[in-house]
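Heads up, the next two complexes both have subunit A, just with different partners, subunit B and then subunit C.
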Partner chain A sequence: MKKMMKTAALSAAFAAGVALALPASAQEDSIYIPNLSYRTGPFAATGTPLMNGQRDYITLLNERDGGLNGVKLTYDECETGYNTEKGVECYERTKENAVVTQPWSTGITLQVLPKSNVDEIPILAPGYGFSPMADGKVFQWAFNPPSSYWDGASMILKHISDGDLSNLNGKKIALLHLDHPYGKEPIPLLEALAEEHGFTLLPIPVGLTEMQNQSAQWLQIRRERPDFVLMWGWGAMNAGAVTEAAKTRYPMEQFIGIWWSGHDGDLKLIGEEGKGYRSISWSVPVPDSQLVQDIRQYVVEPGKSLIENESELDSVFYQRGLMISAMLVEAIRAAQEEFDTQAPDATQVRWGLENLKMDEARLEELGATGMLVPFETSCANHTGHGGAWMLEWDGEKFVKVSDLITPDREAIEPLEDKEAQAYAEANAPWPVNEECEM
Partner chain B sequence: MDFLNAIFVQPFADMAGAPDFLLQVVWEGLVGGVLYALIALGFVLIYKSSRIFNFAQGIMVVFAALTLVGLNEKGVPALLALPLTLLVMLVLAVTIERAVLRPLVNQPDIILFMATIGITLFLIGFGEIIFGGENKVMITRELMIPTDSITLDLFGGFVSIEEKDLTSVIGAVLLVAALLLFLNRTKTGRAIRALGDDHQAALSVGISLSTIWVVVWFIAGVIALATGIAWGARAGVSFALEVIAYKALPVLMLGGLESVMGAIIGGLAIGILEKLFEVYWGQPLMGGNTEAWFAYVVALIVLLFRPQGLFGERIIERV
Partner chain C sequence: MLYRTAGQFKTSYAADHALFPVRQDAILLGVVLVFAFVILPLTASEFAFRALLIPVLIYALAALGLNILTGYAGQLSLGTGAFMGVGAYACYKLITLFPEMNIVVAIALSGFFSAGVGALFGLPSLRIKGFYLAIATLAAQFFLVWLFQKWAWLYNYSASGAIHVPNITMFGITVAGPRAAAITQYYFVLAIVCIVTFFAINITRGRIGRMWKAVRDMDIAAELVGINLMRAKLTAFFVSSYIVGVSGALFVFLWRGAAEANLFDIPLSFRVLFIAIIGGLGSILGNYLGAILIVALPVIISAVPAMLGLPLASATVEHLNVMIIGVLIITFLIVEPHGLARFWAVIREKLILWPFPH
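Moving on, here comes the complex of A and B:
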């Protein structure tokens, strides 16, 4: 009897151990969604609200709907601190049974890109990563919806030139950028457009240790007097730049950032002085949307969110985080329907990401009307090129000040094709999607 | 020829052509240099008294600044939050001495260095849990630090001086003066210096190692708070402040790890030189961002000729 009890106890312990040791993903009733997040380090201030938004959207589906079509979504963060080496380590640690990987940095994306062909896990990098990833035939496992950095650069130029880039002839445009793969990403396109339209491009790099002390960069801006300053900033660099711009008295209406440089927390540091600063954005906070109300009811009020205070719910980055998870979930949903399975695998989710349809009707069904630019992907188009809106800081918050702006695809596509081919050749043998006939 | 002109002629012509701009560059370099010097001082004090290279100095800057802002956010008036933050830094110093340093007495230096890496990781995690990772606004006005700017019309141009930068410089000078007085004119200060000179001899005359370590870590905490306020006023308070501590490393290489004066002069020199180089040579000739490496190159050149740094002690060991 004693022996039996002991055997039973050991068996139970073993079974429990096996169950605990198995990743949640391996259980049939859940879908494993890892996220290579960064809530610590120099970029935590911008990473935290994005991760909170992503996490809360998944929690909402689990709490309100019991998961996605009856299957629980297991959201799992691996902390990278925005460090490329740690990011790669996190990718390796979370790839088993993952239906997607979300690298959250252009540097990490570039490292993971070749691995995705071997591991056959789709990379979801919304609004970041290598712009030519838009070419789905070459980058069959990578997705950067709804707009790429090159789309962003094109849209900003279109906006400041009133729709005609020839108006920029003779102008000087500074690009204040993080000295990092992310910050350098728009340079090839901007150089090509500068040559074509006769404006001068002045790249001004900001090193990691200079993010909070950009006086040298802003002295250069004072000396060179550019007509516009575009910013590809991240983390503490954004706050440092807007503070220096105010100090240098650079006209805020000539200072425009990419979507990762439009964080409420950064602009709150200077408040009224930042009035007029603009940021292009493919997402817009809609505080009274049905989705945000549901988040409040099912996630925040029961204490299941990690947000520090409720005002974060209305911020650009938190609501962008919601939209990023919404894109992913819609891809999984599409895969579930196409393959008639509750728990699609990574290959099937890749199909979902290639057939993602986030039109206005679908956004309305999700309770997210106006929160995201409508877009559609295909096997050849992994970005969707949905466009963006211009947001402006009014002293307290970002407000939408433009209609939908679309990128000049005719100008971008030749460069995109060239760079995609160059990447494939440099990394040969590089598998391409020959089945895609678009 | 053009290249030589760009190196040896044009920068000086630019300086002479726009002296107001040159003054602005020097001022910005001076402000940065004062703050580098403050961070370096934190390293020097701890190294001087205990031979520990305190890797945690950067995170102490973040922790002190976040505590100050965090207390204010909880409703504590700024002028009360300031002494309370100092109290927190004292508690931190005592805790580090009791929990980390005391058990490691007589261990090799590398073990103590590794322990400070452990302190760093702990403070990052602990700080995240308590204060969150978001950027916070430094309570500059509440601390009665002026935030306007002074514009001086000079040489047909202008020099803009932020009052908060001016306050930082004055505050740093006063803090360093007080520190020098403390180290040179008080019994505890002399004990710290004695420990730096010879541990065994200092212990044999009754100097308490544990008390001195608490005092020194507390002073490093005070310096961290001052640095955190000054940097935080410029670009907000976040964990990114930790990165600034890396700027102190070439300062220490240049000035010497044991020299208070070396930290001050090294900080100022690197602050001004890197700014001048970046604006007049780095940006036109190298595409900018030379500040990331310039200070290290200067420090390495100095090390070639003076391995102990400009003001470090030359150690001769007889076998």
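Moving on, here comes the complex of A and C:
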């Protein structure tokens, strides 16, 4: 009995000690970059290559250049499984030394966003999150370069209407979306555009529990015969949708996904049958670029990467992961130069993200020519609105089939302003960046 | 040894029916309360508040609500998550419609919305029992989550369909919203949880609680001795949903800060049900033990490799975590099928008899 009591007391003391002590702190001569990753759960298939890409880019800098201007970058993952509850836990766990938060889910972004003004850590949500975050005056600490979901919706419509949205008059467009804040993001803009240009919008939600079995949704699509199906899908939902589309023989030429619905692994399931499926994307895989060769040489060959086979290296998502880390590192570099410091803090990195300049010359220096849309952020514009390209599945891989498409900003901006103001009002007192005069 | 009851004489019926017939129980509770109110707030970091202490309290409260229905009144429910959602959305609407309202009042009122909905979905319990009733509450679960998604008025027509907690002050201190300090929120949650627990203990050991237990053990016999089944079952649904609703409001307002409808889906119901079952059905203490096991332990385990300096990938830690928790749950259920509370009861009994084995 006594022994048992002792063990119990000891284990309780140990548990309390672990619980109350803070997670290991980063050293001073490194920059701590946490990432709220998901390599487990229903979204692991799409999350893993992205996280691998992000991780490998940082590893490359540490291996090839000895870090960034002589400072090591400490990349640290905290597993969320795409679960918002875990996400917030990870945010709390990593925020002490973090110079940035990468929440990796619209749900987690929405949770962390209100805290950003208080904790003063910038949120980097490339190509996801809340579209009105583009308004940098209101959302001082949030960044979603190079394109927001509303930009994406606008660009897809522009592409399918051959540049003139009035061509869509009388057409019917279905939006197959995940029933989650992420999937609902484009609806307000699409509704506004539908009213303006006279097409019918048909939102078809896919619940988190029915991602793999979308027969009901595709039955509805067969019945309604929409002219186009747009997809805001993620994880297991993408694979489910493309297999259902192939099974019901829905013409792939009329089926277009957002950038998160353009994962090689999903389309490989149907191979030839998926020919013609398009996905808009602000990053393009360039397998023979200098950057990818360096990754091969410094990261993959010494066995420092987590990728499972080399073909993953050429996939859209892996290379997008590389580009996401590249954006972040460039922001840190900008902060280092501006503030003349080795290890910039979160406020300084925020400045870097606000003055991020990823033009073609810079991309070439990074060895990433043509891998990312060129863009530039400012204090008023936290997205950059770089535009995107259309990728098409040719049966084996995604290929670029369009020139750079740019969003119709005039149609989006009023809505962005309205939503940003509404958000700031609902969360009052919400500090607005008044120094910014753009 | 520690629990020697020799010398503690009861000289009146009132003393015999007191909350703590054994003095050591009261002392132990005092120690726990001192820990909760003084020692932990002094030592805990913000991470410990937000990832361990606050969620454990809120989940324990939700499990307490469910335990009243399932453990005390014997009515199986799978709709806890949705009832928490009713509390959360009701509180959100109250706060946004009447910004002047005190948050304590709003939370207390939102419990009534949940209680009303709970009693409504409890009506089938008058005709059906056991698993069939579970299916009926499952219908509540699906219907309510669907309603949270489709009824845009509930989330004030926000584009993302999510609700956000504004900054709410009470007597000049921010208690909810992004600007609230973790320690304030902890004390706020702790105070509410303590008050509700106090009432729950006294309801369950009083006349109403005995009525519920009679219905749970054999409803026909209960009816024969004159217990009104309808009233017993509906009060159980009402009280249970009230507590669950309050915990739902706390869940969003004092912890999460934002929520979307999916949050209140079935996984949440199951999580709360697991806490109640592993903690021990028909006990109050069990909810806290269960919440510590299900909510806090994974967080602690995932911090261990980093503390010991083991270079494990975060995804691997997560996999290990799921395995360890799974094994622990199975072990506890094999060792003591009636839950952790019963486990503690056995230990306590042995301590009272010590050094004699029987």
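The rule is simple: the second predicted complex is superposed on the first by the 412 of 438 C-alpha atoms of A that agree within 3 Å, B and C clash if a C-alpha of one lies under 4 Å from a C-alpha of the other, contacts with A are read in each partner's own complex, and residues count from 1 in each chain.
The criterion applied here is as follows: a contact is a pair of C-beta atoms (placed from the backbone, for glycine too) under 8 Å apart; a residue touches a chain by one contact, two chains touch by 3 or more.
Source: prediction; values computed, not measured.
Subunit A superposed: clash or fit between subunit B and subunit C?
With subunit A aligned, subunit B runs into subunit C, so clash.
Once the shared chain is lined up, is A:Val88 touching subunit B (first), subunit C (second), both, or neither of them?
Second partner only.
Kindly classify A:Asn381 by the partners it touches after superposition: subunit B alone (first), subunit C alone (second), both, or neither?
neither
Thinking of the overlay built on chain A, is A:Asn427 touched by subunit B (first), by subunit C (second), by both, or by neither?
After superposition on chain A, A:Asn427 lies in contact with subunit C alone.
Could you look at A:Leu208 and tell me whether it touches subunit B, subunit C, both or neither (first, second, both, neither)?
Both partners, subunit B and subunit C.
Contacts for A:Cys78 in the overlay, against subunit B (first) and subunit C (second): which applies, first, second, both or neither?
second
For A:Gln336, select first, second, both or neither according to whether it touches subunit B, subunit C, the two together, or no partner.
Touch status of A:Gln336: no partner.
Looking at A:Ser37 after the superposition, I want to know if it touches subunit B, subunit C, both of them or none. Which is it: first, second, both, neither?
After superposition on chain A, A:Ser37 lies in contact with subunit C alone.
So, does A:Ser281 touch the first partner subunit B, the second partner subunit C, both, or neither?
neither
So in the superposed three-chain picture, is A:Lys184 touching just subunit B, just subunit C, both, or none of them (first/second/both/neither)?
A:Lys184 contacts subunit C only, not subunit B.
Would you mind checking which of 62-70, 98-106, 134-142 or 152-160 on subunit C runs into subunit B after superposing?
The overlap with subunit B comes from subunit C residues 134-142.
Going by the contact definition given at the top, which residues of subunit A touch subunit B in one complex and subunit C in the other?
Shared contact residues on subunit A: 39-40, 179, 205, 208-209.
Please give the residue numbers of subunit C that touch subunit A in the complex, ascending.
For subunit C paired with subunit A, touching residues are 1, 43-48, 50-52, 96, 149, 156, 158-162, 164-167, 177-179, 256-258, 260, 262-263, 265-266, 296-297, 299-300, 302-304, 306-307, 309, 313-315, 317-319, 350-351, 354.
Any idea which subunit B residues touch subunit A in the complex?
18, 21, 24-25, 28, 31-32, 124-125, 128, 132-135, 137, 149, 160, 162, 231, 234-236, 238-244, 246-247, 275, 278-279, 282-283, 287-289, 291-292
In their complex, what parts of subunit A are in touch with subunit B?
Residues in contact with subunit B: 39-45, 47-49, 179, 203-213, 215-217, 219-220, 222-223, 235-236, 239-240, 243, 247-249, 265-266, 268-269, 308.
Under the stated contact criterion, what part of subunit A meets subunit C in this complex?
Subunit A reaches subunit C through residues 1, 15, 18-24, 37, 39-40, 76-79, 81, 84-85, 88-89, 92-93, 96, 106-107, 110-111, 114-115, 117-118, 130, 179-181, 184-185, 187-188, 205, 208-209, 306, 419, 422-423, 426-429.
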